[in-house]
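First subunit A sits with subunit B, and in the next complex the same chain sits with subunit C.
And then the complex of A and B:
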């Protein structure tokens, strides 16, 4: 077919042939999905976060529990003062001590305190045999020579030892974020798995069986969903003690309710259709009809519901962590990190900012993907 | 003004930099100097007596709720704020922390200090206007010694006063040692010589409670302002459970003429940083718990930080009745594995002294602190991992990984959490054992500790009265306050001797011996000796905190 302008052979084959590329249903969905920028961005963010959480810890020198009490509450960007010999910087910690910082931003150790000179609003420290003064008579606090009162020149440097700073026990926030994200993603996937297994089976059976079975099963679902979810999860946590296992059990026992409702609704309308009747006529067993014919036909709604439930499960975990009934310390989750940070909110706001940012990113990403999937799967919204 | 000055400096700087570009060797910075005159706006710290102006109302924020505000029942220091201001005992403390007359005008004892007689003031009244007599004190004493009251300070009566134990056991009051000789004279018959009994009666378990209200309302009498009858400078106006206690001036108080404050609100904000925000916005007048991260800043900024020494110790309970913690070597290992210096300076960030014994310094006898020059029991402010591991090996755990996972529990509190996490890390790295950390609400936590359902738990002790005898019962076999279930007959014998010793020098010697006997067994993990820090705005004056942590507002004034 080099020359499209040439004369065609008058065979049936060419006349009937569909020249446009044929797209499968999945291909069609993917086509529409990837033409929605927010959805694609969401997917990329999720991929990046997964990479961050799974492989990140291999690239850091710290663990989530490793403490260095010399460098508590050090931010990612520090205002530092250059020492008189010009070889290092000094950083004023939130605890009014002086911390040695190398020229390339690596943290050293705290300087030895020599004496307090409260009359002149100064604390005197010893730096390699010379005295330096931390002056707190005005804000921001200054580092100066105690004799001549000459203020050391100041500048700002990035913290190269701890890229996102340290928390109130001197642990690396970046590493803890990786583990925190990991916990969030584990919770997300557990929620999905529970939804897919229990929710679909329960909703499918209830919808297809109909009648009294449906009545009883749906009333049970009603009862479960009338109990406020937060309260229920807290009660389970009290019963089982805190820890990731209890969070997963707590979420797992209730998180399939919405999915069961959605699947039941779909199955109810689908089972009246002719292909089900046809399957029944040729003697297919109920199991085959349900899982081979009905469930694949509800896949659109199932996917959308699942992606929309993930962020709420993640948020629930973060929320429990924030209330202090989540993971056992020293394990990190985004919620417990936020909770730890609130105590020092005024002096170290960055400790709250980073975990909160990750929560926001996860929420956005999953919601965007869910939105994108819904639009892509819904034929009515097809342009 | 400030802005323009800054602009000028910048201009000067850039000018000098431009100049220095010509002559190479000059440093690029014009040397800035500290202008000392700019510092400290509030230079004159001579405290002029603040005149009371405007509404006499104070809101003080607390971060921990007491288990009860019944003086006969609780021994919880979180209750002290309500109790110290709502109740008046026979004696109280003045602003110097010394014993001062309270309901009793005067008192005397017989020569061998076994009978104390207190003379009550004329016209004492309850907050509901009825008369308060010596009989009320007698009834309170019997009420505390009734098993149904489950008084946590029961031993303050049964250990010292004649007939209290019998009354508790059988209800027989024929020999009850608290007697009203007439309406205004109260007599205490003691089992043994006790030189510090007046210190003892300053405790709130000796504060009177009113028979009518307690009998009609049972243990619910503390739950409504109408039934909460008291006799102190303030009375209860509102009880908002979990939120606040609102107190108002008690016109029936004997010293009501000297009480200017009309309304005192204790508000509960459990999150300390929220509390600090409220304080810095001027929404509240003072807060009790300060986020440790802000302490240094608040101190430097002169923001109203008050620090008073406290006769108390912060330590961790070790359950001495439980395997493997009944082995002193295990306890020694735990004690050696922690770095107290790091804990104090970087975790809690306090001006505190590292502790090597549960007995705090602060009791002066013959002009010298009785803990002066005592041993450090082989501990130091830094961790000693090698010695710790050696001690653990001596206990039979050559390989620390065979040691059962240590359960470390603490109560929900920001500082307690940080300390627990830091300790867990120190145990894991310095000892190589596994640690599991868990937390609970104070009430749940304390219940578990009292019942021995713990292994190692966050605890602390603030003395109820300024005498080592408020610490010694903590380790006395089967004492109610002995939550570590430590038992040592030698120690018990020394404490028994100290209780009846009237000679101060010998008493000090016995206390020292008791301390040495117990501390060499490492019954607890002492961390540091307490100091109390709280915040109060400068327009409030006249309040005072004494070294047992009681904060008195009776003479407080507000200048608006």
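And then the complex of A and C:
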């Protein structure tokens, strides 16, 4: 249309035309969400972590429980000594053994011990017929030729068999991380599902009913929220035994209270709005008013609360795991992995670093997504 | 508009007797929002309720349509007392009694399309079972209120205020109700749109014989739409009658003050009329003045006004007024 200022006929289609681009509410939210870099980054991280947790175990040769006591506490980057023939490296394990490492960083088997020469602080091993000595007279321990006492040249290589190293039982940390992330995400989604179902229904009914019903229902919520969660989880574990099931039940029965409060507050203010009064004058049933008018209009706060509760649920699970009342070994969760790592924190800090890093990533990602959703769902910030 | 027709002739569609609604204001205090109001409304006619902000017009409307529980009194609609029915028993009456709200931005659910909004009454009263079947009712209604069928899939926030109000009107009228309560339906709209909406409502009245209870504070507009006018002050109706009567011969000092406060476009005339309007502020409805509620601001107040509550009296031709000056 060239002349926008000309008079239109009453029958003209453009008479009541809305010139704005037709975008649904969800489309609007997505538009604002993807224009916030942190939120988008968070979403991508979550997607990657989910991929890592769900499909990751298909790509590793190890399982979360498979132990290999030959390769206990091997770090991702190893200090190794080159053998005399120059075909392999030797790595000194923590329990004073020599481990053959190929040139490209794959771990081989332990060398056979020939004899102990305690007078010279040496342990002699056999490498392809030649004798090599592990000298433990002073730190750092060295690998040398027992005859000539020439120290083998040392270098560092990346561990290609166990990319993130092994733990104190010789299990692959990468594989355990996958399973740990899986547990964390399961906990997160169960917490969210319970939140959405119980929290919305409870809060919605409480807010809409109002009066005495509201008072009683909210006092119940108060009572539930005053029970310390750790104590509560321990009690449930006494009852059901420790494990993922108990954690999920514990989080599920308690974590909806925040959601119930939020929804109730929203419903309380929304139910005085004209569109709800209009629905009542129309004669719509309570079910329609609650689930077509009230709950969809609380969806913003509900989504934000849910995404903010996810990191808190994940952290709670990790915390319980760290305290040792989480999953039962050998099952891995990020918390139990941190707990295991604290035993040899000084010698193997990487064992703590990786699970902690994943926890941090998950928390950041969900918090960013929550922030982004909150901003995107606020129509006042509409551009 | 019929002249001087006796208001009480025939069986009224809506009769309100001594309707009272108090709100708890805490500390055992009560807001006397609606205080013993009575009126009758004949089928096919329009009653305008006017008054200052906070005089209880909207509370009266919401009590009549039973969003608020009446504290006392009776609401007789289509010959049945609906004032103490529960929501389930009310449902068949709701079909015949709809409401148009003041703020078209707040009265439409932002998460529903226009079709779903207009179809809601149809679904609620079982006229259609599923949303898809509602189109045959919704589309003609959209055309009637001056929207097009392509608007049906839009969300309310995409419309202008006037368009939204027309959606609200479509929702109220889709069940062809006998009584429509219009709670300041145009006060949130631009002046250019106001006439559009008012004429739309009048067209419906002509076509279907709809009865309106019209609440407004725009006096000139009320005169245009109403057959009868009731003037409210602090929760009570102080004067009531055929609208031309009220506008030409206001009897109650409050009505006189209210009418003289209508702005006049001609500055010469306006200067001559200076001193009109009502002095002072509206008293608190928590502790309304004893006797005549208007005596604190009335230029003609006598000692008796502070002591006795004046009763509604016919001062001729069905023109009712509650004032001691009429004795």
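Here, the second predicted complex is superposed on the first by the 358 of 383 C-alpha atoms of A that agree within 3 Å, B and C clash if a C-alpha of one lies under 4 Å from a C-alpha of the other, contacts with A are read in each partner's own complex, and residues count from 1 in each chain.
By definition in this document, a contact is a pair of C-beta atoms (placed from the backbone, for glycine too) under 8 Å apart; a residue touches a chain by one contact, two chains touch by 3 or more.
No experiment lies behind these values; they were computed from the predicted model shown.
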### Message
Once chain A of both complexes is superposed, is A:210 in touch with subunit B (first), subunit C (second), both, or neither?
### Response
neither
### Task
Quick one: classify A:292 as touching subunit B (first), subunit C (second), both or neither.
second
### Query
Once the shared chain is lined up, is A:25 touching subunit B (first), subunit C (second), both, or neither of them?
second
### Task
Once the structures are superposed on A, label A:148 by its partner contacts, choosing first (subunit B), second (subunit C), both or neither.
first
### Task
With both structures superposed, pick whichever of subunit B and subunit C touches the larger number of subunit A residues.
B
### Message
For A:279 in the superposed arrangement: first (subunit B), second (subunit C), both or neither?
### Response
second
#### Entry: Residues of subunit B that touch subunit A when the two form their complex
29, 31-34, 36, 38-40, 271-274, 276-277, 291-294, 296-297, 299-301, 339, 342-343, 345-347, 349, 412, 414, 417-418, 420-422, 424-425, 428, 436-439
### Message
For the complex, give me every residue of subunit C touching subunit A.
### Response
62, 65, 67, 87, 90-91, 94-95, 97-99, 101-103, 106-112, 120-121, 123-125, 146-148, 151, 154-155, 157-159, 163, 168, 171
### Task
Please give the residue numbers of subunit A that touch subunit C in the complex, ascending.
13, 16, 18, 20, 22, 24-25, 273-275, 277-285, 288, 292-293, 296-297, 299, 379
### Query
Which bits of subunit A are touching subunit B when the two form their complex?
65-67, 69-70, 72-73, 94-97, 120-121, 135-139, 141-142, 144, 148-151, 153, 168-170, 241-242, 324, 328-330, 340, 342-348
